[in-house]
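Here the chain labels run A, B, C and D in written order, and each chain numbers its own residues starting at 1.
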Amino acid sequence: MPSDKRCSLTEAIAEFVHDGDCVYAAGFTHLIPFAAAHEIIRQGRRNLVLARATPDLIYEQMIAAGCARKLIFSYMGNPGVGSLRIVRAEIEAGRLEWEEYSHFGMISRLQAGAAGLPFMPMNPTAAGDLERVNPNYRRLQDPYTGREVVVVPPLNPDVAIIHVQRADRRGNAHIWGIIGEQKEAAFAARHVILTAEEIVEEEVIRSDPNRTLIPEFVVDAVCHVPYCAHPSYTQGYYDRDNAFYLTWDKLSESREAVLAWLEEWVFGVKDRQEYWQKLGEETHQRLAVKPRWSAPINYGDY
Amino acid sequence: MPSDKRCSLTEAIAEFVHDGDCVYAAGFTHLIPFAAAHEIIRQGRRNLVLARATPDLIYEQMIAAGCARKLIFSYMGNPGVGSLRIVRAEIEAGRLEWEEYSHFGMISRLQAGAAGLPFMPMNPTAAGDLERVNPNYRRLQDPYTGREVVVVPPLNPDVAIIHVQRADRRGNAHIWGIIGEQKEAAFAARHVILTAEEIVEEEVIRSDPNRTLIPEFVVDAVCHVPYCAHPSYTQGYYDRDNAFYLTWDKLSESREAVLAWLEEWVFGVKDRQEYWQKLGEETHQRLAVKPRWSAPINYGDY
Amino acid sequence: MSAYTAAELMTINAARLLRDHDVVFVGVGLPNLACNLAQRTHAPNLVLVYEAGVIGARPSRLPLSIGDPTLVSGAASVCSMYDIFSLYLQRGLIDVGFLGGAQIDRFGNINATVIGDYFHPKVRLPGSGGSMEIAAWANRCYIITPHQKRRFPERVDFRTSAGFLSGRAERIASGVRGGGPQAVVTDLGILEPDESGELILTALHPGVTVEQVQANTGWPLRVAANLRTTEPPTDEELRILREELDPQGIYIR
Amino acid sequence: MSAYTAAELMTINAARLLRDHDVVFVGVGLPNLACNLAQRTHAPNLVLVYEAGVIGARPSRLPLSIGDPTLVSGAASVCSMYDIFSLYLQRGLIDVGFLGGAQIDRFGNINATVIGDYFHPKVRLPGSGGSMEIAAWANRCYIITPHQKRRFPERVDFRTSAGFLSGRAERIASGVRGGGPQAVVTDLGILEPDESGELILTALHPGVTVEQVQANTGWPLRVAANLRTTEPPTDEELRILREELDPQGIYIR
C-alpha cells in the first residue's frame, strides 16, 4: 500500500466501487459524503447494496438514479422534514429490496464487523415484529443467567466512504462534531475511501493523536473534496443547508423533477468544485459559519 | 445529585469506598490514581476486591497494607521492570484470592458492564488453560456459522476511581494520551470518584465536547488532586517516575521495607499535597515536562 | 396571550411531565421544544441527550434536525452512536424517552414502520430509528401525538416498539428494563396506563369533553375515576415558546 | 565493533524478520528495539502499534514501559484498550506480534502464567496480558528469548498462549485466524516450525554448534536439512542500536 494515497474522487470511485458492491456512505446527519454519491451516479454504477442507518437524501438520489438494487437501513426519512418520497415509492411498488433494523441493531452489525466478531448481542426489546420479519435477528441464551439476548451478524461492506474534516496524505484523519458510525464503518469495510475538507501535513494530525478516529492502514484512497457534504454539513466548516432539504421535499413529489435535478446538478457538473461554484455566492454566504475554537491541550514534549 | 460535586479526596473515599467493595482504580500505565489508593490505605479499608488489568504498584501497595482479600487482573507485573514481589508472595502463600483473564477478557468484562450486556463475545484463542481454570469463561455457539465463541460476564465494580487531566465541577472530564479502559470502567461502575489535575470552568470542557470521555452524570465526586498519578504520570503534566519503579523493585524484596515505606509516605503524610512536597524539588524538576500543544480545531459558532 | 395552538398545548403539557435532573433522550420537533421549555422553567438541571451522540446540549438556535451542528457547539460531550445506544440507553442511564409514531394502540404499543402488510406495504413509514430500544430501556417514555382515530387503533399494524404488549404482565415477564409509556399527551388530553397497562383517559385539556376524546380513539376508552382538567398554558410558558424557542413558529404554529 | 552481546544478537536477528509496511504489535524491551531498528534499516514504513492503544508511535526517547508518554506525543492515533484488541487485533489488522514467556514448548506453546500447579503455584508469573490473543490472531508471531533448557521444556506447565497446540493440524482445526509462531529467536540460533508445527533448528548464530543448542533444549531437537548460519550483526546495525536506540544500554547490555 503506498504512503501517499491522494487521488481524485473520480479515480477513487472508479477503482473501489464496482457494480453489485455493498456500499456504506457513513455519517449520521453530519459529514454525509454527497460528492461521492454524485460521482457514483455519474459513473453509472448499478445493482449496489446501499447500507446506511439513515438513507437520507444521499441514497434517495442514488436510488432515483437507478444505482441500487437493495437498501439496508434503520430510519428512512428526510431528517427534520418528512419522508423520502422516492425510496418509499420504490419500496411500496416492490421495485427495491430492503433489509431493516433499529438504529442499535444496524450499528451493532457494524460494530461486529469492525471488531471481527461473528455477532453482537443486544438486550431484548420485547417489540418482536422487526425480529419476526428479519431473519438476521437471532436469539441466544445468556449462559450466566439463562435469559435471552438478541444478536445480529456482522456487516462488512465492500467499501465505506468516510468524510472527515482533515486528513494527512496517508489517510490518518481527524473527525469532530457528531461522529456517528464513522469509525465502525471504516474498520468494518474491506476498502475505505476518505474524502476530506482539508489535506494537512502529518504534523497537524500527529499533534493530537487522540483526535485520529481513522488510521492510515484501513484507508485505500484520500481525496481532497471541500464542501463534499453539502446539503449536509461539516462541523466548523459550513452549515447544513436546511432550505435544500425543504426544497427536496417538494421537488421529490415528482420523479421527473428529481431526474431533471440530477441532470443539472450531478451529470451537468464535472465534480464537487463545479457543483459548489454553481450553488453561488448567496448560498456560500448563507452556509458560512463563524469560528469557535477548542481550548488547546498539552501532550508534553517527552 | 448536586451540580457541584467537588469535595476532598478524604471525603470521597470515606463516602464511596466501603469495606468489602469491588474497586476499579483505572488507568493503563497512565493516570493511575495512586493518591486515592493511599487515602484508602490511610482510612484502613479491609476485604476489598481489587480489579485492574495491570495491578501495578498501586495494588501492590494496597495489598501490602492489608486492604484486599481478592485480586482480579490480567497482567501482574512492575511494568517495564519486573515482578510484583508482594502480590506474587501473597498468591504463592495462598493468602490472596485471585481471578484471572487475558487483557482482552478483562476489558471485555468492563465493556459488557459498561454497555449493560449480560456478556461480551470474543473469538476463540485456542489456548485453553485460562478458560479451564476460570469458570467465568464460557462458550456459546454462533447461531450464524455454528462456530464457537468465548464469552465473559460483565464486571460492574462498586466504585471506579478515574484520574483525568481536567474536569469541571459537575464531573465532565477531558482525558488525552493513553485512555486505556477509563471510559469503560466509569460506565461499568456503580459509583465514580473523579480525581483531576485541574478543575476548570465548564466553558473549557464545552469548548471541545469530543474530548469529554466521562460525562457528569456517571460521576459522584470530583476531587482536585494535582500529581495524583505519581509515580505513574499524567500526559502533558509530568513524566513517569521510572526511578521510583526501579527503587520499588529493590525495596519490595523486604516486606519490612515496604511497611516502613507505607509508614513514611502514606501514613506519614496528610494528603497528596504533602506527599508531593515531601518528594522534593529535585524530583519535581526531574519529572517536569516541556509543553507540546495540539493544533486547535474549529467547532463553528452555530 | 390566552389563545394557543394544539402544538403549544401538547408541548407545554409534555414539558410539565419532566423532572429536574432527568436525563432525557430528545427527538427534534415538539419533544425538543418541551425539554427546552422545562429547562427554562421548573427543571433547570435537565440533561439533554440526542441519539446522534450529543450529551448535555445547549443549542443556541432551534435545532432543525437531530444532528444539527448547534447541538454540538458548547455541548458537554459527544460520543459515537454505538456508545450512545449501549453505554447510555442500554446501560440504563436514560430517565426519559420521547416517542412518536403513526399508530399507538390500547396498550401503548407503537407502529412507526408500515401501514398494511410488512412485505407489501400500503404506506411505508420511516421505521424504528432509535425507538425500539428507547421504548424498551428508558425508565419512562412519553408520547406526543395529535388525537385522531386512525392514530389510535385497538391494535397497531406493526409493533415497532413495545408499550405494554398485550398487558403490563407481559411486559414485566419479557424482562425489559424500562417502565414503558407513562403518558400519551395529545391535543385533547392525557392518556396514562392503568394497572393492567391499558391506556385510559386521565386528563382533559380545558374545554374538551370525554365524548370528543372517545370519538377520536379507536377502542372503548376507559376514563379514570379522578379525571382531571389540565392547567391552561401560562403566559410565561407561551412567551418562552414563542419568543425564545421557536420565534419563527416552525413547530408550534 | 565486531563483538556484541546476546541481547544485541537476538534484537538484530528479530529485526531482520520484519517486512516493510508490516503492522506490528510491539512490546517494550527487545521487541521494541527490534522494531525501531528495522524501521531505521530495511523497513521504513513499519507501523508500530502498542497494546496501550497507541498507533504509529514515533518515540523520541527509548520507551521504558508499554505506556511511556513518549509513545503518545507525535503518534498517528490513540485509541482505547478495547478498540486496540477488537478493531485492530481481533479484526485481523495486525501482521506481526511479539511474544515472550517463561516456557516455550516443542510446538511453540507459551507459558507466562505459572510454574507448577495453577491453584498452588510454585512460581507465579505475570500472566497473559495481551499474549493470549496476540498468539491467536496476529498473522505471524515471533518469540525472542534466551536459550536455556528450563525455558524450552517438552510441554509447558500452563498454556497461556497457543503455538501449534499438539501440532499444526490441531491449530488449524481450532479455527483461530493467525498463522502461529513463525520463529523463535534465541541467543544461540533460530527455531522455526516444520509442516507438523514442531519447532526445529533452522539457523545457528556464528560460532554456535548444534550440540550447544540441543544441550539447552528440553526435547530431542530436530535440525533442518538446510541449516544455515545467520549473518553476523553489521556495524551499522550495532551503531543504530548502541548510539541511537539504547545509548544507556538499558536493554542491550
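Following the convention adopted for this analysis, a contact is a pair of C-beta atoms (placed from the backbone, for glycine too) under 8 Å apart; a residue touches a chain by one contact, two chains touch by 3 or more.
These numbers were taken from a predicted model, which means no experiment stands behind them.
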## Note on the structure
When A-D and A-C are ranked by contacting C-beta pairs, first comes A-C
## Note on the structure
With centres defined as the mean of Cα atoms, the chain at greatest distance from chain A is chain D
### Between chain A and chain B, centroid-to-centroid distance (C-alpha), Å
37
### Query
What is the distance, in whole Å, between the centres of chain C and chain D, each centre taken as the mean of its C-alpha atoms?
57
### Task
State, to the nearest whole Å, the distance from the C-alpha centre of chain A to the C-alpha centre of chain D.
40
### Query
Rounded to the nearest whole Å, what is the centre-to-centre distance of chain A and chain C, using the mean of the C-alpha atoms as each centre?
28
### Task
Give me the residues of chain A that touch two or more other chains.
116-117, 122-123, 147, 176-177, 179, 183, 207, 210, 235, 239, 289, 292, 299-302
### Query
Which parts of chain D, given as residue numbers and ranges, touch two or more other chains?
54, 68-69, 72-74, 78, 86, 90, 177
#### Entry: Chain contact topology (line, ring, star, complete or other)
other
### Listing of all chain pairs that touch each other, if any do
A-B, A-C, A-D, B-C, B-D
### Query
How about chain B: which of its residues touch chain D in the complex?
28-30, 53-54, 73-77, 79-80, 83, 88, 91-92, 94, 100-105, 107-108, 110-111, 122-130, 133, 147, 176-184, 233, 235, 239-240, 242, 245, 289, 292
### Query
Residues of chain C touching chain B in their complex?
21, 23, 45, 47, 54-56, 58, 60-61, 68-70, 72-78, 86-87, 90-93, 177
### Of chain B, residues touching chain A in the complex
116-123, 138-140, 142-145, 147, 149, 151, 153, 165, 174, 176-177, 179, 204, 207-208, 210-211, 235-237, 239, 289-302
#### Entry: Of all residues in chain B, those that touch chain C in their complex
1, 3, 114-117, 172, 183, 187, 202, 205-207, 209-210, 212-213, 215-218, 299-302
## Note on the structure
Interface with chain B, chain D side, in the complex: residues 28-29, 51-54, 64-69, 71-74, 78-82, 85-86, 89-90, 109, 113, 118-133, 135-137, 158-162, 165, 171, 174-177
